[in-house]
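Should a chain be cited, it is by its letter among A, B, C and D, assigned in written order, with residues numbered from 1 in that chain.
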Amino acid sequence: MKEYAYFLGCITPNRYPGIEAATVKVLKKFDIETRDLDGASCCPAPGVFGSFDLNTWLLIAARNVTLADMMGLDVYVTCNGCYGSLQEADHLLKEKPELKDWVNENLKDEGLEYKGNIEIKHVVELLYDDIGIKRLKEAVVAPLDAKIGVHYGCHFLKPSAVRGHGSSERPTILDELVEATGAESVDYKDKLMCCGAGGGVRTRDLEVSLTFTKQKFESMKKAGIDATINPCAFCHLQMDRGQVEIKEKFGEEFFNMPVLFITQLIGLSMGMSTEELGLNAHAIPMTEKFIR
Amino acid sequence: MMEVEEGNFDEAYDVYACMQCGKCTGSCAVSLRSDLNIRELMRIAILNENGELEKHEEIWDCTSCGICTVRCPRDLKPAEVIVGMRSSLVEGGTIPITVRDALESVGTNNNPWGRPKSKRAEWLEDLDVKVKNISEGEDAEYLLYIGCTASYDPRIQSVSRAAINVLTKLGVDFGILGEEEPCCGSEPRMMGETGLFEMLVEDNLNLFDEFSISKIITLSPHAYNTFVNDYPECAKRLKEDDAEIPDIELEVKHYTQILEELIDDGRLDGEMMNEFSETVIYHDPCYLGKRNNIFEPPRKILNIIPGARCIEFDRREDRSLCCEGGGGRMWAEGTGTGERNSIIRVNDANRDEATVIAVACPFCLSTLEDARATAGYEETMRVMDIFEILDEVLK
Amino acid sequence: MSLVEDIEECGWVFGKDTVDSLYACMQCGKCTGSCPSGRITGYRTRRLMNKVQSGDRSILEDPDIWLCTTCYTCYERCPREVKTTDVIRALRNVAAKEGHMSKAHRATAMYVIKTGHAVPINDATKKLRKKLGLSEIPPTTHKYPEALKAIQDISKKMKFDKLVGFDWNTMNLEDREEK
Amino acid sequence: MKGLVIGGGVAGLRAALDIANAGFDVYLVERDFSIGGRSAQIVKSYPDLINIKDVLKPLMEEVYNHGRITLLTNSEVLGLEGETGNFKVKIEKKPRYVPEGKSCEKCIEVCPVEVPNEFNERLDKRKAIFVPFSYAVPDGCVIDETNCLHFKDGSCSRCKEVCDGINFDQKAETIEIDVGSVVVATGFDPFDPNLRPELAYDKYDGVITSLELERILDEDGPTGGKIIINGEEPKSVVFAHCIGSRDKKVGNPYCSRICCMYTAKEAYMLREKLPNAEISVCYIDMRAFGKGCEQFYEEVQKKQVLYRRGVAAEVYSNGGNLVLRAEDTLLSEPYESAADMIVLAVGVEPREDSSELAETLGIKVDECGFFVEKNLYDPVETEKEGIFLAGCCQGPKEIADSIMQGGAAAAKAIGLMGRHSN
């Protein structure tokens, strides 16, 4: 049995708890236990808060990392934004002693001390490295017969030198996970394009950010894709809720394309129900292929 | 690619040879305060169709000073590209109303100022000296070509009168064409009215032939330039198209060149003049200087005037700062908002403690006069054409 | 202080080398050509780098600098390894400091000060959480007031509250003219 | 059989040494008082920043001391007759008036004549009797007879009064030599920026050429290595690329190849001396194709040297402050940049008298004045058999390439003389 702290962030627990439920359940099936990271906050979003005030960003991120550090547990996330923030902060603190001193000086009053003894993991790494494709395949009881468009999101892969998942131009890790469920990962034109939400663009200029999303859906439709999967709660929100907003803003036809978090897809393949994975609470309803 | 009558812009102007170094835009008289970016236009000429030009109102900001052409390291003619672009706009009818009115006036009144042809010689009326009128059959060695601006603009008319006085005093055998004098076509050409310009060339050459005119003195460097540089080329083209063009060869001089000859011949010197106790700074007109390399004659004249302390602008000769009067700018609003060059010029002159800005071009006189008033130097500084200075000092 | 010095100061957590990497920019345009935002907006990464290099402060007022989604494509592809995305974030810090921060962005920041979350919980989600067998309130700052206080202490210490114009009496944003 | 090399710059030195080391006697004719050529005016190489002197000086001394090399400095080729393997060459040997190696320098102190020092690009003065430069070969004083009062009007012989070695009676002599092959390596002249008057080189002391800056950067130079313009250390410097290169208006349509990189090097050296100055470079395209050059260019940029695309348009003074105008073609914005010092990266031109030498030798010059190689595949041969080219007289190139071509020309000459000797 393995144990991890789960850093929830904002969107997973507060908008898409289905991601949380699916993730905890799937991991548990493979003997990975999840522990609450009590008192965690917003990561805070690297492109947003990093753009406002890097000092505040670093301190809050360091606080979140330190909570896990003090539990002595590696921590996993289900959002690329959280991944970006916590991993970047952890990386900077491990690289730069002067930064570590500054952070600890400022966290002293909270009774916290960053030591740098843990790793920040993305749930995708747990699935791929801890569990592995072989075991995932063995666990499939209801193989999915569907064409899936994979969306990686930006901060999962980049900056590649810090993230360490190989080339950000030719990633395969999520495609392999998708294919382990029996589904087909179908290539499409804007596969590696940003969903448009990050960097404060969704907040500040919804129309611009939706134009990104729309472009992605158009090219997925062209490729005959049934549903899109992602590893990021924020991209997830942008792509699920975004479809409704695109209709509102641009008055175009609904893409009506189901959006699934990677553990939700895996959960389905393992025989979990649509409802227990929270999929029926999405803005875009599941199509038949994803209803169990 | 954009098209002109002569073919596409590459055939006409070699635009593909541009290496986009930006020397033109960097040198341009107005680029610092206008959207005009000739390098970009060279690019647009290749990448876009003519319709694109309508978006570029700043094409009318070009003063046609020619510095881009003078300096182009690839020996191209960006200033002509602007003329080509304006031609396209004129053809399509999308031009500023003021420019359209000026061009129409050339067609109907033979001048761009919208004034009747019958009033072209009005400036002569309060003149004491008798002037030969070649159009009335009187013979003279030279035609003194006054030009539209010096005929109609009340401030510039004073230059015409000064010219008559000075040339008469110096014993030059000259006459004028009076009401019959035509527009030389320089400004219409720079405004892109190629067809009108060709018509003027044909008419004017026939007119000169009719009155046996072969030697011309011009007041304006613009007229000088067009007679010397544009007419022969245009006449050749017209002949190839079977137009009736007389076989005459014009010998054209700007008036400062004639005065220089008189100095060299001993017919004009300081002893013939009263003291002129002024600090004189000479402003090079683009059409005399940059475009035709005539830098010395005006300076030679000013230097013999007794009492005159001649100083120089830092930016002079081929680096002279254009006054923004040429290239049809007299009739176009312009898009720029920054400080006008003429203001910079009078301020520079003031800093250098000049009391007289000497010019040799009606447009320079007009723009610098305006600037002098705007900048508040009415009490301390005069803007004078060299002819006006001579008229004042000659005994 | 010059613009680059301001950016260095705001981006000190990245280290001086990261910000100074912008001097290696050779204006090849790979960034602009790669930028997904630039495909649909007026945001031009190369031009931004050029303006930063030449110290043109007018870009601080340029709303286009907020159109980067921090997708890191330019950062990954830059042949001179300019840390573009980091430079842009640090540059935005300078802009924010000079008051160029949109109301919507200030509101996002306000939620973090107020709740510890940029996207706080709502009733619908509480219900859904219950249905899914999760705790109604997640074990975050939402559940632990002392944790929220820690976030608020950090905001005060870093003067983040002042930066976004947070009023502790109303627990809301103060009125401020949007620059 | 003997060889002849015309020109004692790096290309000629390399050629002479290689021919001599192959066992042939060789004449090296140099017009100046010392060998070393243009490279001697340069402080450091790019991109490796080694001191040119450390490499050039041993090369010059090796030539001087080589048993098979006859060094004729202060000499010029007057005529050439015959054909390959059997050229008769007429050379004028002009006198130095002072024995080689003689340099107690008392004579210099007493000399009343001061003229601009060509070696320092006229930035300081030298006497009519002088040492050409610190490591000149042959070393010792020489008399420049065009400026010496003794030769002008006989009014002065002060140097002779303090030095009995001086002999005013030396006369120029014409010698005739038989050689089998000729390597021409006469080098280049820098472009005269006055042909681009808008850059106002003649008007302001703050506008200098890159070769002048090279002398200013030299610890042995006119300012002792201090960067001083108008009596002060400049706070802002702008370099301007492509002055007299890529410019049809001045008859130089070609790229001079070296200016991008020597500017980068000068900017680097300047940055070391002026850590707080604003340094920028106006360029059209960056051509950094040599080994290690792109990396060096990047290094220079990282030293906060701002590269702005767009050629320098004009220079003027705004109430005493220099202003350079140009367009930033990437921003499509014209700008005015105040600068205390403007460095014009002047291009490479053929020697002023290259056509005369071509006529003397019976070889051709191209429309720009460079000697014409036989063809692309015989880049050191000329159409005239037995006459070879090396260095910048054939076309602009950097020091390393000149040395390479010197070696290649020597190999050709050796091969040819070997064939004729058998």
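Throughout what follows, a contact is a pair of C-beta atoms (placed from the backbone, for glycine too) under 8 Å apart; a residue touches a chain by one contact, two chains touch by 3 or more.
Labels paired with UniProt names: A = CoB--CoM heterodisulfide reductase subunit B; B = (Fe-S)-binding protein; D = CoB--CoM heterodisulfide reductase iron-sulfur subunit A.
Everything quoted here is computed from the prediction, not taken from an experiment.
*Asks:* Out of every possible chain pairing, which has the most C-beta contacts?
*Replies:* A-C
*Asks:* Based on mean C-alpha positions, I'd like to know which chain lies farthest from chain B.
*Replies:* A
*Asks:* What is the distance in Å between the mean C-alpha positions of chain A and chain C?
*Replies:* Going by mean C-alpha positions, chain A sits 20 Å from chain C.
*Asks:* Please report how many Å separate the Cα centroid of chain C from that of chain D, as a whole number.
*Replies:* Distance between chain centres: 55 Å.
*Asks:* State, to the nearest whole Å, the distance from the C-alpha centre of chain A to the C-alpha centre of chain D.
*Replies:* The separation of the two C-alpha centroids amounts to 64 Å.
*Asks:* Indicate the whole-number Å distance between the mean C-alpha point of chain A and the mean C-alpha point of chain B.
*Replies:* Going by mean C-alpha positions, chain A sits 70 Å from chain B.
*Asks:* Flag every residue of chain A that touches chain C in the complex, lowest number first.
*Replies:* Spelled out, the residues of chain A in touch with chain C are 8, 10-11, 13-15, 17-18, 20-21, 36-42, 44-56, 58-60, 63, 92, 96, 99, 106, 109-110, 154-155, 158-160, 168-169, 193-194, 196-201, 203-205, 208-209, 211-212, 215, 276, 278, 281.
*Asks:* Would you pull the chain C residues touching chain D in the complex into a rising list?
*Replies:* Residue positions touching the partner: 20-21, 23-27, 46-47, 50-51, 53-54, 80.
*Asks:* Which residues of chain B touch chain D in their complex?
*Replies:* Residues 19-28, 31-32, 37, 39-40, 71-75, 314-315, 317-319, 351.
*Asks:* Could you list, by residue number, the parts of chain D that touch chain C in their complex?
*Replies:* 286, 297-298, 301-309, 328, 330-331
*Asks:* Show me the residue ranges of chain D that touch chain B in the complex, using the header's touch definition.
*Replies:* 197-198, 200, 242, 246-249, 284, 309-314, 316-319, 325-329, 332, 334, 336
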